[in-house]
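Per-chain residue numbering starts at 1, and chain names A, B and C are given in the order in which the chains are listed.
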Amino acid sequence: MDTLLKTKDLTINFGGLLAVNKVNCEMNNEVLGLIGPNGSGKTTFLNLISGIYNATDGEIEFQGRNITKLQASDIRSIGIARTFQTNRLCLKLTVLDNMLLGLFSKQQIRWWETIFNQKKHHLELRVNIDKCLHVLSYFNEELVEQKYELIDTIPLIDRRRIEIARALVSDPALLLLDEPTAGLNPQETHSIVEDLKKIREKTGISMIFIEHDMGVISTIADRVVVLNAGQIIAEGSFAEVSKNEEVRSAYLGS
Amino acid sequence: MTDRQTHLQNTGKFVAPLGVLIFFAAMALAITMNLWTTLAVVVVLTALLIFGEKRGFVETAYKMVEKNYKITVAVFVAALLLFPIALRGNSYFLHILVIAGIYAMVALGLNFQIGSMGQVNFAPAAMFGIGAYTSAMVSVHYGASPWLGMIAAVIVTAGMGVVFGFPALKTRGFYFSLVTIAVQTIFVLLVVNTDWLGGPNGIPGIPAFSLFGRSLKQTGNLFGMLLPYQINYIYLTFFLLILLIIVARRLYTSRFGLAWNAIEEDEIVAATQGINLTKLKLLSFSIGSVFAGIAGSIYAHYTSFIGTEDFDFNKSLILICMVLLGGMDNPVGVTLGAVLLTVIDEKLRVFADYRMLMYSVILIVVLVVRAQGLLPKRNRTYPGTEEG
Amino acid sequence: MLYAQIINAVMLGCTYSLVAIGFSLFFGVLDTVVFCTGDVAIFSSFSVVLLVQITALYALLIGLFNPFFSILITVLLAAVITAALMVIMYQLVIKPFENKSSLMPLLSTIAAGIALRELIGIFFPQGRNPRSFPELLSMERIFEALPGISWRNGIIILATILIVALLHWFINKTKIGLSIQAVSQNREAATMVGINRNLVIYVTFIVGGLILGFSGFLIGSYYSVIRFDLGASFGLKGFSAAVVGGLGNLYGAIVGSMLIAFAEVFVSAYIPGGTAYAGIAAFVLVLLFILFKPEGVLGSRSIEKV
């Protein structure tokens, strides 16, 4: 049970384009940095793991269980949560409602119980709201005050935080982060990275981290995997990878 | 507690019930007077809402009602009970109320798809019809009690909701709408061409509901006042409608209502939050269909005659208008929209040729001017679950 | 028997296909289904009735030119009126909802279709009664040996082919046609290479309006009796045909129309009591396609962008 996530010859074929091509990857409890040039298949790799795409070939194993064929919703329920590169929160919902969505899979109440058993509904809701606010306050105390504000009115940095909080609120074992710092200035980037580091220390959660900023990768990633044209071209510590000739020519451009 | 809140609480005790009474007076005016009065009431109401929203009065009104929930509801229920008695002199006005209540139920069911999930279902009238036909067939052909007919209607529409929901799972947007249009058209064509279901002649002679051995079609007598039989149906309809509003509100505030909203905005995000799209969509469909089925059953046993013209595509469109005009994803708004449009529709009977033109113009105007409807959806707040 | 049914089906398919092409054209540039398309086509039929029977324009023309030119001028005029209507429709019920939830143009165009149909019913003289369509095309057989192919039928088929050929040329050979294709395939990229999207949309609506204008004449000629609410069923059949063929694909629209027409004709001809179920057959076909092959016969499935 040491291996948290394992992919075996993972492949997806988009009408002839092998966006991810026979990727064999293993990770334990660690922070894995996923880097590579644009179009190298990083996001597709996350989409495969999180069940948005179905693999053409190959297998994904999570905690010893084959999850290749599972739907996105089931994958969230068994403990893999993710964020999106373009920050996909529900804009027409409030901060708190977005957070509660993250807890959807952890809620037990059935639909008829929400109609006929209001007591249970309120009880569960109360616990959930406390949990959501607790996670939010961890990132930014102000967000707790803004819980009834629409996402529309929230600045980008806080939206990033809310999206990560929404993923964390269901206590996943693995967090997939798709460029959580895209579009942020250096200070904001620093603050998000510090938050993530603290969470890692506190909860021991594993992460796969797609990032373009090598500074960020070098500070947070225990190990780095480099993708190019859908294939892993190198893996190892950041120091090792950054010395690799193939990586330098494909990606670092020096 | 701030001064303002205390103030609200004190004045609200009188203002909120007063508002309820004024609302009922306006509705009485709209129902009993001519078309122009009805339209004037709608215009004044709209103006008040739009103006009130800008100045924050609407928010204050909501707060007042929330703070004085019990007394407001008590006054509302009392007014609702007395309202038909006050109108007892003219059974046509009472008839309008019954029909309004029935359409409100269907519109509430439709709201689960349009309002909550943002998927335009063009077949609510078909579901309404399936409920009506099931209930009618059970009581006419098999001689069963109309109540059994209603139960049968609930079961059949729930099943049909799942059956018709399945194509909807694979599609969204335009394709989904085309599927529902197809379902609506197939329903009408099938019924018209099936002799067993009365074909183009419809089903006449559907028995009325009876309660404690008394038919609801009997006129009543209260302290010497003659009560037309429609009053029985008004109470039945209002009772069920209020139950359905409560169900709709509870679902709205539950994780399911939230999940539907998430599906509307972004299915992929919804799925990655652990929301099973299949289950949630089917749930929205079957519950909505059951609402329509209950309404259809009441309709059949109230009018005692049903035919396909009551359940055609135009009826579906009118129901969509009701949801949009009232306010998507706001059960109270949807009910208001259904009542207003039913009243206007009845007043327009003289100008039958202009009815559909009016609906289409209303639809376009609402979409352009106020897409959120008269009573827009409110952000969920969870009072009583906060600290302090 | 079979021969006659095939002719019937082809004729029906022709009347559907121009409407279906309209749906596909508009969907291509807007990513929105313009539901009033069928009603606009029927509006054009009524325009022809107006020009021929009410304003007596046709009588005037026939005094000046030979019948062929008179018909051509009348139909062209009707098509121009229809194109103008289509542009007005775009301004009123589609443009306000750009970049908003897709259910809004869906509802507004359906409402616009109903409004159009009701306006014809209310304001056209005797609008709610079935109206006989002027018999401009001769019902005589072209070849004595071939029954079923009258001048009318032959001209309808030829006109459909001609319009499709013209459209093919326009889309593939002219600059603006190529721009329409570019916008259909990738809106952002098209804007980036400097294509004026607004212009493309207007041109598409004018071209689509013209095509619907011609289709109104063909539909009227084929049915010889038209009704104000015919647009509803034509809209549905046209949209269904476009979906079956692959929404956004012009040639798919033709294939879809033929499939639906053949399904309808053959169900009503060969299934006992089938006439009543012919309408259902078309919708069942659409349901099957949506469920099992949503990209249609000729459409290509696109990967949903994440």
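Just a few scattered comments:
Following the convention adopted for this analysis, a contact is a pair of C-beta atoms (placed from the backbone, for glycine too) under 8 Å apart; a residue touches a chain by one contact, two chains touch by 3 or more.
As the structure is a computational prediction, the values presented were derived from the model and not from experiment.
The central chain here, found by comparing per-chain C-alpha centres with the mean of all protein C-alpha atoms, is B.
When each chain is reduced to the average of its Cα atoms, C sits farthest from subunit A.
Spacing of subunit A relative to subunit B, judged by their CA centroids, is 42 angstrom. Mean C-alpha positions place subunit B and subunit C at a centre distance of 36 Å. Between subunit A and subunit C the centroid-to-centroid distance comes to 48 Å (mean Cα coordinates, whole Å).
Residues of subunit A in contact with at least two other chains: 52, 84. Those residues of subunit C in touch with two or more other chains are numbered 306. Within subunit B, the positions touching two or more other chains are listed as 268.
Within the complex, the subunit B residues that touch subunit A are 247, 250-251, 253-256, 258-259, 261-262, 264-266, 268-277, 283, 287, 379-382, 384-386.
Interface residues of subunit A facing subunit B in the complex, by the touch rule stated above, are 50-52, 71-77, 81-82, 84, 88-94, 96-97, 100-107, 109, 111, 114-115, 118, 121-122, 125-126, 129, 148, 150, 166, 170. Of all residues in subunit B, only 114, 118-120, 167, 170-171, 173-175, 177-179, 181-182, 185-186, 189-190, 192-193, 268, 313, 317, 320, 324, 353-354, 356-357, 359-361, 363-364, 367-368, 371 touch subunit C in the complex they form. Those residues of subunit C that touch subunit B in the shared complex are 32-33, 92-93, 96-97, 100-104, 106-108, 110-115, 117-119, 121-122, 128, 232, 236, 239-240, 243, 247, 276-277, 279-280, 283-284, 286-287, 290-291, 294, 304, 306.
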